[in-house]
Structure formats: C-alpha cells, structure tokens
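Listed below are the structures to be examined.
The same chain A turns up in both complexes below, where it pairs with chain B and then with chain C.
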Partner chain A sequence: MGQLINVVMDLGLLAMLVISALMIIRNHSPLTVAILSGIYSLVICTLFVIMDAVDVAFTEAAVGASISTVLIMAVVKPGDEPVLKASWPSAASVFLGIATGLLLVYGTFDMPWYGDPSAPIHHHLAPRFLGQSGTEIGIPNVVTSVLSSYRGYDTLGEVVVIFTAGTAVLILLAGDLPVEDKSRVVVQLASNSIIKTILIRIIPLVILFALYVQFHGDYGPGGGFQAGVIFGAGLITHGLLSGSGKMLEVINEKWVTIGMASGVLIYGFVGVAALLLGGEFLNYSVLAESSTTGQHVGILIIEIGVGVTVAFTMISLFASFNRGRP
Partner chain B sequence: MIEVLASVLLIAGSVIVLIASIGIIKLPDFYCRLHAAGVIDTMGSWLVLGGLLLLSGNLVNGFKVAIIGVLLFFIAPVVSHAIARAAIEYDADKAEGKDG
Partner chain C sequence: MSETLPGLLNYWVAVTLFVFGLIIVIDSRNMIKKLVGLNIFQSAVFLLFITMGKVTDGNAPILAEGVNNFSNPLPHVLILTAIVVGVATTAVGLALVSRIRKAYGTIHEDEIYDKPEIEPELVP
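After this line comes the complex of A and B, so read on.
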C-alpha cells in the first residue's frame, strides 16, 4: 500500500513537471513564464525531497523557486512586458526535435532502473565513501564529506563557475544603463505596513537559518551552497522590501564584489596551505595534528568560502538587475 | 487514541485543501479564487500540521512542526494580502482575462 502511494505520488509530481514545462512553452508573457518556472522548481524540489536529496532540494527551493523568479520579475516591467512570440516551427526542426527526443528515450533503455541496487554507480566508489568516511573524515554527513573532501576539486570548480558566471553578468550589465522608472513592486511592498511589519521580523530569521545551515552542514543536510543561497534570499527580500539601494546600504556594493572573489580565494588558499604543509592540494588531513581534525577544519573553512561566494553572487546579481531603481 | 485524533485532523485538512483547490478552479473572479487559496494556506495547512504534530513522537520533531506552524500563521495571510494588493495595483481584470 505504501509502495503504491509512493508510485502514485512520483507519477503525479512528474506529470506536473511535464505539464508546467508544456505550459512554459505555450505561454507568451515573460511574467507568467517566470511564475510557471517557479512552480516547476517547487515541484522538482518536492521530488528531490522524496529522493532524500534534501541538500539539492534546499538549493532548488531558494534559487529556482524564489531568486530566479525575482530576478526575471526585476527585469520585466509590469504592464508592458514584451510578448514572447511562438511561431509554428518548420517541418525540419519538428523532425529534428522528435528524432532527438526518440534517440534520448532509446538511450535511457540502457540506463539502470530507478533505485536499482546493482547499478554501476553504487559499486564503483560509493561503497568506499560510505565505508571509510566515518574513520577518514570523521563527520556524520557523508554527503558533505564526499562533496567537500573526496570531491574537493569538483566543488572548487563549481565555486569558480559560480564566480565566473556572476562576473560575466556584472560585465554584461556594466556601464550606463538607462535609468528606469520606479519598480512598482518595490514601491508597493515598501509602502504597505502589514507586509513590512511581518517581513522585517522574518528576514533576521532567514539569515539566522542560513548561518545554521552553513555550520550544521557537517551533521545534517546543508553546507555552503545552501547557506549562501538562503542568505542571499534573505537580503534580496530586504531589497524587495525597501529597494536595492537600501539593501546596498547594509552591504556596500564594493564589498559585495570583494566578497564574491574572496570566497573563491578562501577555498583556494586552503588548498595551497595543504600543499605548503606537505600534503596534496586540498588534502585537509595535514592541516592539524590528527587527520580527522584537519579534515574538520578544512571542510569548515572551504564551506565558508563556498557560502561567501554564493551569497554575494546572488546579492550582486539582484543589485545589478535592479540598478537605476530606488 | 492520539493516532485516531491525528488521522481526523489529517483527513479534515486534506478535505479542506481539496475543496479549496476546487474553489481555485471554479470560482468566478480573481479575488474569490484568492479567498479559496487563503483557506489552503491557513486552515488546510494548520489542520495537516496539527495532525503531524500529534504523530511526531518526540519533543524535538514536534517543536519543529510547531515552528513551521507559527511561521505559516504569519507568512501565509501576508502573502495572500500581498497578492491581493498587487492585483489591485496591476489591474486584476487584465490578469484575469489572460489566463482565466
């Protein structure tokens, strides 16, 4: 019975994903598309929770469902949004699309079934990570130990990617943008005392929760990425409430840029410190007397680096999207 | 006994969410539909959370469910309020005509 309910829930959620994707294709208004992709993110976030990938669900909820929706809302001026024209595709592109889709479906036949214990991915390195993490790294959350220690190179790469993407957006948006008129959403939120009263009490809780997720990542779901996006979402809420100008009074725009870079630097310096102390790059074991203490210290510091870069990238994206508005 | 009470709360919450969802689809205009959505946010989620609170077993989990309840109690009505204000501001009829 429980099995059946799970299957029905999975199928229902996947069907909702397909429906919202189709609606996104069919829709002409960017604002509606933004809301629909928010719904898409929320549904896939629920699926992540069902698959026990709570860390990914955290990030998806904060980035997909809230921050990216807010960013699209910030660029589209309500009232005269551009119309996304969807003309009928040519016969060749329809054929190409369907053929590629069928090939991809054919490709999935070779993949292991969902949850198959004999799938190759569960037999290559996973047993070693699961078996040795407790003694080698010494933290309860294996996801964190894989992400930040065993796979420290990959995570450094991800942080650099986020930093590069943020910098690219800043470069694209740099220069003299035409000063737009006041964003009506911003003005409205700020002028309403009910919303203000509640949000002013919620934002500190969000930021506190971000810090909890940051420092609790060794023991439960969470870590730098999740904490960074939650912290960013908290400050962006403040920006929505009182305008991005007020938000940048809390953290100066220059410091936001410095913060973006310093997170990557913190991460890289931990690797260099490990090199100088005689280990390999990003081998935290040499950072302290005993190797597990070293792993603890290393993971703590690089998670802070990740969190700083992610949080400040989110904030600077919001600030630059909103430039010229109150 | 507690399980029976929890089941009653959970089922009542689910029924309310179901009725309100039908309302969101069926009701004639934007503000009526928002009213139906507000019922889900407050009554529906509170009944479900009440059921989960009774089923949570230990104090720590129960406390977490209670915190979610308190946050929803404040945030959900404010969100409904914000949507209603935004609708007035942005000309609800237009939003209505597009997707209704």
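After this line comes the complex of A and C, so read on.
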C-alpha cells in the first residue's frame, strides 16, 4: 500500500514537473518565468523527498525555490516585458530537442529500473559508507559523513567555487553607480503592511532555524550548505522588506566580504591543522584523542566554514544585484 | 502494477526536462529566460542522479536503530553540492546579463545584434 502511494505521488509530481517546465517554455515574461521556476523547484524538491534524498530536497527548497527566484527577480526590470506574452518555440529547436531526446531515451533502455536494489550503483562504494561510517565517523547522517569527511576534498573545492562565484559577481557589478530606481516589484511588496508585519516577525525564526540546521546536520538532514542558504535568506528577507541599503546597515558590506573569505579559510585551516598534528590533509581523526571525537570536531568546524561562506556569499549576491536600489 | 510502474519513467521525465531546457536555451531570445532554461537543464541531471540512488522500500540514509535498507547516499552528496554551486553560477550569469543591459540597454538578443553599444565608457 505504501508502495502504491509512493508510485502515485511519483507520477503526479512528475506530471506537475513537466507541466511547469512547459509553462516556462511558453511564457516570455521574465517575471512569470522566475515565479514558474520557483514552483518548478518546489515540485522537484518534493520529488527528492519521495526518493529519500532529504538533504538534497532541503537544499533545493532553500536554494531553488527561494534564493534563485529572488536573484532572478532582482535582475528583471519592467522594460523586459515582451510584446508577445506566450508562444510555442520554433519548429527547428523543437526538432533538435526531439532528436536529442530520442537518442537519450534510447540510452535509458540499458538503465536499471527505478528502485532496483541490484543496480550496479548500489554495490561499489555505497555499502561501505552505509556499513562503516557509523563506526568510523560516528554520526548518523551518512550524507554528512560522506560530504564532509570521506569526500572532504571535494567539498572544499565546492566552497572555493562558491566563493569564486561570489567574487566574480562582486567584480562584474562593482562599477554600478547608485541609481534611484523605484520601479521594482520588491518595493511594492514592502508597502503591503500585512506582508511586512508577518515577514518582520519571521526573520528571527528563520535565523534560529538556520542555526538548528547548521548544528543538527550530523544527526538529521541539514548541514552547512543548507544552513548557510537559510541564514542568507533570513537577511535577504530583511533586504526585500526595507531595501538592501538597510540590510547592509545590519551587516556591513566589508564584513560580508570578509565573511565570504573566512569560511574558506576556516575549512582550509582544519585541513592544515590535521597536517600539523601528523595526519593527512583533512583527516580529522588526529584532531582529538579518539578518532571519532576528532571526526566530530573536524566535521563541526568545517560545516561552520561551509555555512559562513555560503551565507555571506548569498547576502553579497543579493546586495550586489540590488546595489543602489532603494 | 505498482511493482513495475515507475520502471524507466523517471529517466524519461528527466530526458523530457533535459529536452525542454535545451529548447529554451536555443529558442529563447531573452537572456534571463535562457538562464532559467539552463537551470531546468541542470535539474534534469539532478533528477537522473537521485532516481538512480533510490532503492525500493529504502529509507533516507540516516543511520537509526532497526533500519537496514537505505537509499544510496552518494548521488545525494554529489547533487547537494551541485545545487549550491548551480545557484552560484546562475548568479554569475545574471551578473553578466546585468552588465549587458548596462552596455546595450536591453536583454533581448535580437535587439543587441541590431544596436550599437551604448555608453561604452561604463564597460570596464
């Protein structure tokens, strides 16, 4: 019975996903497209929950459904509205798409079926991580174990990528002079007192929740990436309500930049500390007397590093896109 | 029926979304919409990976007493970081769009081809 419900939900959500993607194809108004892509993200994130990827769903909900939408809407201006609101794509692109699609579908015939436990993917590294991480790392969330300990190098790389992207946006938009521009959706949002009253009270709860996600990531879904995005979203909500200028009064722009870099440094520092204590780079086991305590400490600190970089990068992105706007 | 139904369907939906993303990227003249298309493109790959990680009757990969059947945590790790990197790269794309608007006064490709660059001194 539970299986049947799963299948029905899977089919329903897949249908919703395809429909929302079709709507995005048809619509040409950037604002509509931004909102539709938020809906799309929310649907795909529910789908991830059904497929047991709770950490991924968490990230998608925080990133895709909230931050991405806000960033896209920050770039949209009223002049972008097209003359033609909705139309189907050209025949040539549809033909090319269908040809690609047929080739890819042909490729899927070699794939294992949905949920097949004998699929090759489940028989190489996964059993080792699922079987050993409990004793080796000592934390229940296997995704966090793999993310921050077994594949710590990768995650360091990802954090550097996020930092680099944040820096790139800062450089690209640095020349923007402050312009008075009140023609924004967001400003209209702040003038609605119901929205304002509710959101202002939600902000501290969002930040509290971010801290919970940050420090509970070892035991449940969550971790530095999600916590960072949620923390950023808390401050961005403030920015949406009172303008990014007011947001930067809460937290100075210089400190945002320093925060972006310090997260990466915290992460790297843990790696170097492990080196100095006689282990390999990012081998947390040497950080304390017992190896699992060392892993706990190491993961806790690098997750804070991840969270700090992600949070400040998100705030910096929002501030950059709204520079000079009221 | 529930034994067989999802079968390869999830992969096919991933392919469909992939194709939709491709069509948007090729067909759309609006650069913001193009970036949304790229995001759909990207999420099709996410769907493919997460589908591969699912095990029938599996649980979320969080160790607990009395739970022995877990879905594969590896695709989750890969996709989790990919999503956050995805938003960072989208932001870089949006920043470029913002600069293009500064230089050309529009975000529509067709109009950019027709127009000479305005305010070249603003471009660093």
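In this text, the second predicted complex is superposed on the first by the 291 of 326 C-alpha atoms of A that agree within 3 Å, B and C clash if a C-alpha of one lies under 4 Å from a C-alpha of the other, contacts with A are read in each partner's own complex, and residues count from 1 in each chain.
What we mean here is this: contacts are C-beta pairs under 8 Å (C-beta built on N, C-alpha and C of every residue); 3 or more make two chains touch, one makes a residue touch a chain.
Bear in mind the structure is a predicted one, so any value in this text is a computation, not a measurement.
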Open item on the list: Quick check for you: in the superposed arrangement, does A:I194 touch first (chain B), second (chain C), both or neither?
Closed with: first
TODO: Check whether A:I202 is in contact with chain B, with chain C, with both or with neither, and answer first, second, both or neither.
DONE: first
TODO: Have a look and say if chain B or chain C is in touch with more residues of chain A.
DONE: C
Open item on the list: Contacts for A:G134 in the overlay, against chain B (first) and chain C (second): which applies, first, second, both or neither?
Closed with: second
TODO: Kindly classify A:M260 by the partners it touches after superposition: chain B alone (first), chain C alone (second), both, or neither?
DONE: neither
Task: chain B and chain C footprints on chain A, overlapping residues - done: 79
Open item on the list: Considering only the defined contacts, which chain A positions touch chain B in the complex?
Closed with: 29, 32, 78-79, 184-185, 188-189, 192, 194-195, 198-199, 201-202, 205
Task: Of chain B, residues touching chain A in the complex - done: 71, 74-75, 78, 81-82, 85-86, 89-90, 98-99
Open item on the list: Which residues of chain C touch chain A once you look at their complex with the stated criterion?
Closed with: 2, 4-13, 15-24, 26-28, 30, 32-33, 35-37, 39-40, 43, 46-47, 50-64, 70-77, 79-81, 83-92, 94-99, 101-102, 106-108, 122, 124
TODO: Using the touch rule from the top, collect the residues of chain A that touch chain C in their complex.
DONE: 3-4, 6-7, 10-11, 14, 17-18, 21-22, 24-25, 28, 30, 33-34, 37, 40-41, 44, 47-48, 51-56, 59-60, 63-64, 67-68, 71-72, 74-77, 79-80, 82, 89-90, 93-94, 96-98, 100-101, 104-105, 108-109, 111-117, 119, 121-122, 125-126, 129-130, 133-134, 140-143, 146-147, 151, 154-155, 158, 161-162, 165-166, 168-169, 172-176, 219-221, 225, 229, 310, 313, 317, 320-321
